[in-house]
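The chains carry the letters A, B, C and D, assigned in the order they are written, with residues numbered from 1 in each.
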Amino acid sequence: MGPKLKLRVIGGLFSVALALMCGSASAEVGVTDDTIKIGMFGPLQGKVSLYGYPINNGPIAIYKEINETGGIHGRKIEIVHEDGDCNPQKTAAAVKKLIHQEKVFMIHGGSCSGAVFGGIKEIKDTGIPFMIMAATMDKLATPAVHNIFRPALSGSADGMVMLEFLATMPGVKRIAVVRHSNDWANAKSSKFMAQIASRGIEVVSDEEMERKATDATAQVLRHKKVKPDAVATFLYPAEAALYTRDAAKYGLDVPILGTNSVMDLMDLKKRAGGLGPVKNFYSAAFVQAPMGDFKTAAYRALMTKHFPDDRPQSLNLYGMGGAYAILEALTRAGRDLTREGLISALETLDGTHAGPMTCKLRFTKDQHEGCVGGTMWTLSADGNSIIDVGAAYRAVK
Amino acid sequence: MEFFILLSAGLANGGYYALIALGLVLIFKAQDMVQFGHGEVFMVGAFTAYTVFAVVGWPYLVAFIAAVLAATVVGMIVERWLIRPIAHMPHMTLVMVTVGLSFCLKGAARIEWGKDIYTFPSVFKSGPIVIGEVVLMPQQLVLVAFTLSLSVVLYLMFKYTALGKQMKATSQNMTGAQLSGVNIGRVFSSTWAMSGALGGAAGALSAPVLSLLFPDIGTFILLKGFAAAVLGGFGSIVGAVVGGFAVGVMEKFVGFYISTSLEHISAFVIIMLVLIFWPKGLFGTKDVTRV
Amino acid sequence: MAVNDVSMHIDRGRIHGLIGPNGAGKSTLFNAMSGLVPISQGSICFEGVDVTHLPVHLRAPRGIRRTFQHVQLMEDRTVLENVLVGMHSSISTNPFKSVFGLGAEGSPDKAAREAAREVLQFLGIGHIALTEMGGLTIAEHRFAELARALVARPRLLLLDEPAAGLSLRSTEALDALLVRIRDEWGATIVLVEHRIDLVLNVSDVVTVLDNGSIIASGRGQDVIEDSGVKRAYLGVDEEE
Amino acid sequence: MRISAFFEARWFPALFLLFLLVIPLTTNNYFQFVINLVLCYVLIGFGQQLILGYAGQFSFANAAFMGIGAYTTSIIFTLNVPILIALMAGGLLAALVACLVGLPALRLSRVYLALATIAFGEMTTWILTHWNSVTKGGDGMYSPVPVFFGYSLDTDTERYFLIAIVCFVMVMIAQRMLASKFGRAFIAIRENEMVASCNGINIPLYKTIAFALSGFYAGVGGGLYAIAVNYIVPDNYDLFQLVIHFALVMVGGLGSMYGVIVGALVLTTLPEVLRDFQHYQEMLYGVLLIVFIVFIPRGVAGFLKDWKILPREILVHGWREEIPHVREAAKTAAVFNVGAGAEDRGAEH
């Protein structure tokens, strides 16, 4: 998209904008001889910022690393970071700013599904390549939109991993569910809830837990009353810890399943107050191991190298797959980089190395969900390591 | 029996609602205003306790004292440098300033603590206390006992000490109290100090019970404190304590017996209902309509 | 301060002076008449209609207006804007008429402004119509408040110490204005005032209150001569 | 010539409208989007100004009214109702709810009104989150692309014209209204309820009207906001949103129409300009609130008025003390018979 000739009219502020707009003149927006501009957005302030930086910093570390090794086809990656505040208004502004003001080549970002929808129209309208960072709502990338790709496990796929696992557990016929009432939990639980009856499992109790709740007594007691065979939780890590803690406290002794957001089981163990409550906890996962495990040691090193002040955490791993996919596609698209070229290159990815992810990424023209399957984890008997129990239940303890 | 489990869990939660409500009520009694920044005082207490106990590794008692001191200092600084220069202004100005204060403190906390949810390690190594089916953490018992004894102390203070009487006089008529020789600066100062101490104590005591700390924790709990204070009829010490426990217990009962999705919102339904139907609060002594 | 067992009859088109020592119940009586204080027993009739339980804001449209002992004006508004508040019940509540000026009469605000200007001219403060209250003198405040009460052409005007804080010259002007208001505007005036001379000058009837009861009522001079009044009120006054 | 005379000139609104229509020629989508937001916040801020600045009611419910407006407009519009009617419906529903919220305000003092309205706000977000069949719950929902007489307003620039025109008309109406008996009644109530009622102002009625109007403006503003952002989520209408409204009114100038416009301009563009200081934004709002409340209670508009840049209008110098009704313990027993000659009595009965 070339620069449009626009009428100059009075208005100091806007003429500055105009000057900025008329700046770029290269073949493709956001690409110069030695840089590629990638826009990134996420919640960098406010109450959800605790997910923003850790998630975005993962890919940033990878981009920084590739820049140190000389970049791609001689071009270094330049990151423009904008705040989306987990809010459609801020996200829309961030996306528009990245596209029209910063003139980035592509966007890699978005951690809150609802918020990403604020910017999705602009992304579709301009056709800019968009790699979703960690937002999970299905309808973002399914059915496939020409320029939108998701490398991470979609919400429904996450739920389905849990469902498949439940279906293979012996003697599990009646389960209890506890979930938040937000977009995140809906994305993960809606397909799960819709499909569960077809596996001969009955949901006997469906409870809600407030985000930032301070205890789970009522939920646990309601669950205990119906005597479920297992519990499926669609809760953020902090709330999942509260639930497991209270479940142990009130003697609800059944397997508890969590989404891939709770895959940092070591952290869960710490938050729930010891191994006891999490002994029988299984979480979905789509990366090889949480941060801290030897399998992800390389990525941990990457994080401590580029972000020495931050605590490496599993959230860092979420967006790394996308970063590797982008780097691979950029390499394949060659020196004559265009947005369409990148999109075509992304659609050729099949089984590409995706960093810490267990999934091998595969995009086709009609399939822009790069990762459709996951695995399940649990803690070892001594609680010191994480065991991959696979998609089907097998007794490991 | 679920009833007793819910009751005990509710009372344990109600303990810190009551402490928050007490802090609010104190300032309301002396200055006739609502402190919207009180949640952040709670947050300061909780994070101070966390730092001293979990990061530095000193005993919990030290952490508790540090938290109380830190929150007291915050309260006094806010009073001395922010509120006192504008004490003569309309109450709404004061209230709005505390809203601004709340955002400042929260924003400041987020710079240091905004990147994670922090876990407060448990204080008592002994496991939960089990009585029949009722399971209680030792920390919860400490919290409830502390709340109850503190409210008795406060009640007696208001009834019998000179300071208590001066606070009462000041809230009813600032100029009048000043003319009759009350050092209102000292009264405000001690009120805010006490309110801060209460907030800090609430933070330090409930941090191990809540176990998860984040900068927004104050806002969340302040709203529950409002509900408790309104239910108790803003301005009554006994009311605040009873209101706090009532809100805590009711949340659990609503969550279990009606629906878990109503658990959180029930506190706000209470505020609405109480203000519509019993404007004096259920235990109120002070007229809410203040004509 | 309470009032007990007071029975008053105020004739139309008269100036009725109400005097008494501090705490005699004058203000309570005033507040009861304008409706700010509910009365526990008894009744208030205005032009033959029982208005005892009529809320304050409904008494104004019937023609009852008052001023206050401590002037109550919006200090950051102009005199004209303050006076226009008094026109409230004279303007249609229909937003199409009062906001957009749709209707046969055109903008009612224009008429209200003219009425306000007229009253200000009448009171001799027309020149400060567009000045903010904040910078004006006590006398101008008093007259502005009087204008607000007068602008809706009240039939009963309750004046609470209108001369307090006024200079001798302003008091004389007020004196003449009150008589003109009675004669030219046909308003009944009830006047509470500490300045006995003003009350005696303009009042057709004077009532003396003490301890919440009427102790004398009648023509000004007759009342002053009354021994009970002297003892209860004037006597004390002279000693001061 | 004073600059303020420029604003008072008869042709100023026409010039301003012209200015509004020219703006899109100078922008890209990002700037256009921010300008759209500014205009939405003018209306939303105006709702807050009406209730807080004019009627002096300490209400914390306007974020909820905005949410009600945004959702109602979006939901009604999906039923193929013309966009202007959908916007009106959003405003009217918000106004209706505001009337109901205003009812307790008639008997509660300011602080309790604040608490009651905070509770109301929380309940509104709860309902928006849980009424899945209508609001799509926590997922949020698309606000459909508005169709204006068969022409679909697809881009930010096209939407701008709808937003600008609605905003312009609403501001003009507001300006007329505040200059009328309604505006005077609100101010009279804010200044002194006792005086207001003695001048025939029905306080409960006018407080309710103020709540309704405030709700209406917040509702229509919310509807336009939904159109501007095109996706709405329940979480957006929480306490933080409200603090933006408060800050907007305080920074602009309490009780000032121009103040709302200045405030909306400043507080919507400021976070965009200061994107590099995201960490400090929350603190910034807090500090702005405190500084303006304490030191500059008349806001930016107050300054501009003193420098004779803006014309004189209704400006409040900070909050008023609550002046209570006179209600002495009246042990009054009295009989008054005022203004009735004996000869009239028969005639009037």
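Here is the rule we go by: contacts are C-beta pairs under 8 Å (C-beta built on N, C-alpha and C of every residue); 3 or more make two chains touch, one makes a residue touch a chain.
Predicted model only: the values in this text are computed from it and were never measured.
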Next on the checklist: Counting hops between chains that touch, how far apart are chain A and chain D?
Outcome noted: 1
Checklist outcome for this item: Taking the mean of all protein C-alpha atoms as the centre, the chain whose own C-alpha mean lies closest is D
Item to check | Identity of the chain that, by mean CA position, is farthest from chain B | outcome: C
Checklist entry - If you average the CA atoms of chain B and of chain C, how far apart do the two points sit, in angstrom? => result 50
Item to check | Euclidean distance of C-alpha centroids - chain A vs chain B, Å | outcome: 37
Next on the checklist: What's the distance between the Cα centroids of chain A and chain C, rounded to whole Å?
Outcome noted: 73
Checklist entry - What are the residues of chain B that contact at least two other chains? => result 110, 261, 264
Next on the checklist: For chain A, give me the residues that contact two or more of the other chains.
Outcome noted: 45-46, 181
Item to check | For chain C, residues that touch 2 or more chains besides their own | outcome: none
Next on the checklist: Based on which chains touch which, is the overall arrangement a line, ring, star, complete graph, or other?
Outcome noted: other
Item to check | Touch relationships between chains, expressed as pairs | outcome: A-B, A-D, B-D, C-D
Checklist entry - chain B touches which residues of chain D in the complex? => result 58, 103-104, 107-112, 114-116, 118-120, 122-123, 126, 130, 239, 243, 246, 250, 279-290, 293-294, 297, 318-322, 324-325, 327
Checklist entry - Considering the complex alone, what residue numbers of chain B touch chain A? => result 2, 5-6, 9-10, 13, 110, 114-117, 119, 122, 128, 135, 137, 209-212, 214-217, 220-221, 251-252, 255-256, 259-261, 263-264
Checklist outcome for this item: Within the complex, chain D is touched by chain A residues 6-9, 11, 14-15, 17-18, 21, 44-46, 82-83, 86-90, 92-93, 96-97, 99-101, 113-115, 117-118, 120-122, 125, 137, 180-187
Checklist entry - Inside the complex, what are the residues of chain B that reach chain D? => result 33-34, 82, 85-86, 89-93, 95-97, 99-108, 110-111, 219, 223, 226-227, 230, 234, 261, 264-265, 268-269, 271-272, 275-276, 279, 288-291
Item to check | chain D residues touching chain A - in the complex, by the definition given at the top | outcome: 22-23, 25-31, 33-34, 37, 129-130, 137-140, 142, 154-156, 225, 229-233, 235-236, 240, 271-272, 275, 278-279, 281-282
